[in-house]
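Can you read through this structure? Questions will come right after.
Letters A, B, C and D mark the chains as written, and numbering starts fresh at 1 in each.
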């Protein structure tokens, strides 16, 4: 990592040493907000930002994300977690409490097309994507120079259908070694096995180059051109074992017209893919996403 | 028709008595524009607006739309058409020459949901949709008052699967009687038979309440909600015998999020449907659309 | 009012008889959410939706909007208000508690251009704008038919600079008589006096036909055309005594290009004005807007 | 220049050796298109793309941009130009005929903020911006590494108000030396003198970080925040001697809300600035822009 980026991350940690995030989902009932906010108040925490949502006030599921500032967070952290267990049990909560200073570790997977990788690196360098890009894994050599130029470890692991198992073993070992929190498929053109996906449930974000559920699978721009659509799009989603069917995080679109040939669609599409993936990764890094069934709540 | 709308249409005809439009498609080769523009010049016509497109300069199809102002158009019209036949033959052209003062006649088909009809009527009343809305046909009574209130003939023709044949016979008779140029399905929730569609090829515009090709068929908002999309859309297209597979004319979208339940999607969607259909109809009325294979060129 | 709309409103009231909204702003400090949520819990109220914002966690202003479902709200209402005074005093709160079943009363002011009025009436008829449109006041007769056709009282009050004082006296009397909560200037082309504005502080919503602060004042489309902008817009804002300088509620835009003459800009603009004003009015009706200094927080 | 980019440019030149563009503006009258298309046909040129526009068919100004494919263009070029003089004289045309293989030379001026420069370099590397970036001039050292890393000459010329004259002399000498066709101010935070501007009339493209004409001048994001706008924007325009008042080429916007502080506005704004400037430069490079009075026609 470049020293200037290291400095940025250090400053960010320093600035956010008392900042925490609490994510909760549970069956809806009166008293949840009251219990959580009393809990936080009892630790002198000030709620900075709070968003909540219910699928249905009567008998539905309740979701909340709270960002708070808590003096001496590092000292109190383990006690907070311990005390919250009781509330969580009362309300049958799924929850996590994440201190912001623990910057998340990301692995980026990429093939030959570099635009999504480049956007992530650029956002990262400019301080807009506050994560630790721990390594880049590719089945091609195209991105080695730019990645190593930023002092990020680059791993070239050739891949194809036949050697999928061995490839994923190497990848899993690296993910383990680097203690990775999030895996970004930045136009990584290989299918992952169920084993890999399950080992990294809700941790893998993919960018699909169409407006899902339109044009699931291969060659979406070619098929969009053939269908004569007037708008194209891109979709960032969590990876599940159903191809392009995982929970959608973000989508965006751009207008095209009859003059747009397939190359033009790809060119326009690259720009959408870049920004859609970057937003999805940023929201994940900032603990803004809760997966519920096959959908996302993005706070 | 209200007298104020009649006046508007009369003024429009007067203002455009010398305005013509020429639409041409043919195999691409050098000399087409030269031949057409010389032809127009020989009639003292001034080209006001011109748009062209080639699928491929080498061996592709060439399309052009020219709007021109030609003194004494009414007198020259038949001679122009006659003379153009020669050029058309030389270049193997599909073509049409339409004088703007011949205002197109439209029939609107609607069921219970009136938002698309209302938008068209509103655009029409405010002079933005320069067509003669000759009649409205519905399988429900909901729109009678508003339609008759504007002095537009309203025909209530109950419809269902069983009586489709008889229903369409009545409809075709009315379309014939009123000499209709364009049929707008403004959320008309009945399937048309191949016979009806073929009798009105490239003349029927439908609004589908999804971003095609996503959610073809019934209940698109319900399915969009289930899939957890972050953007919904609507699509105006010419009707062919393949359900929701006809040439797309226009599409638009709106952002939604996890808080949007099905009713909210429908509410937001209505606003998209309204404007997408209105744009598509307007473009058709203005002779801006050429259908090529299963796509549209919109000039 | 039409009977079908009356029915809709009655059903809405019935459906929301236990629904309340609490809007609070106060100096930020720990414990606010805890106090409010405990208060609500003590009345068995379930928080359905909650949004909050701080200008600055340290020494800034805190804002919250809570929508809650409280069994027997009508019975408990006055006690809730009474008890909340204590919390409000402790935290120096500005606040209001509004039961949803008390549907707000709106007056619409309009001149000759009817598109914004028509949009509001349309949203209202389709049940998307849940308000009681108590009367329409106009300095022209153009809208009388459509307004009276919906059984809404219509008042024709001719207006100009010279008689402004008398005009506003009549208007204020009507607003008082009908007990109006919100005044919508739906392209009402008269300037209001400071007296009128002060008497209705934070209650008057205007639509300005430009993307403020560009093109403040008269003839914005003409000036946009002259400047050669590539995007035009509209702005809904609360009216203050500084022309077009009041707190902005909502803005939207549309692309234009060199071919768009002033009439085309107006045509495109009308569509933006319609939706921007309708959104702003809806948010106000739903108690989603807090005015802070010269800005709005829209929850 | 990197060898891969060199290769791309060579391939582009090869592919476009017979491709030409003709841009014309003149008083409108019948016969212009006919004369031009006959002229092209007489050289066996095939019109690939053509766009035209009239400010007013009666007595207005006519504009046309034609892209054509002409066998042996290099051999015929000078004869074409010579013969076109006659037509141009007959119709009082302003015109230029540009062969596409003569790739335009660009100079980029930048200060400390690099996002716009980075976007241009990225588009350039990926082959989407087909220009020869001949040099980068900066009053800061921040961009040296990335520029020189791509083998583009970098000139560090410190600048301030006091030494403006000397600075511009150096700059003008470099522009002359490198035979520059277009100057891109990619967030170059220095005012240019009238002398410099006149010497490069219609050749300097600036990106202003607001939605002009809102927030002309300094600190637009700060002022947008203060005004409480709900949408921010950026504007690419040709530089004239009136600050931020030159012909607008392109604008775009993004939604913001009450939660967006000044830093967030800047962050969001950077993304708009990047794409708006890149589009404007690309259109200029592709001879798509005609300046007419203080506006642009973008074909």
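Quick note on the criterion: a contact is a pair of C-beta atoms (placed from the backbone, for glycine too) under 8 Å apart; a residue touches a chain by one contact, two chains touch by 3 or more.
The structure displayed is predicted, hence computed values, not measured ones.
*Asks:* If you apply the touch rule, which chains end up adjacent to both chain B and chain C?
*Replies:* Of all the chains present, those in contact with both chain B and chain C are A, D.
*Asks:* Quick one: which chains contact chain A and chain B both?
*Replies:* C, D
*Asks:* Looking at CA centres, what chain is most distant from chain A?
*Replies:* B
*Asks:* Name the chain pair with more contacting C-beta pairs, choosing from A-D and B-D.
*Replies:* B-D
*Asks:* Just curious, how far off is chain D from chain C if you go by their C-alpha centres, in Å?
*Replies:* 43
*Asks:* Measuring from the mean C-alpha position of chain B to the mean C-alpha position of chain D, what distance in angstrom results?
*Replies:* Those two chain centres are 37 Å apart.
*Asks:* Listing for chain A: what residues touch at least two other chains?
*Replies:* 53
*Asks:* Per the contact definition, I'd like the list of chain B residues that touch chain C in the complex.
*Replies:* 115, 118, 122, 126, 128, 149, 267, 270-271, 275
*Asks:* What does chain A use to touch chain C in their complex?
*Replies:* The touching residues are 28-34, 37-38, 40-41, 44-54, 57, 69.
*Asks:* Tell me, which parts of chain A touch chain B in their complex?
*Replies:* Those in contact with chain B are residues 53, 211-215, 227-231, 233, 247-253, 257-259, 294-298.
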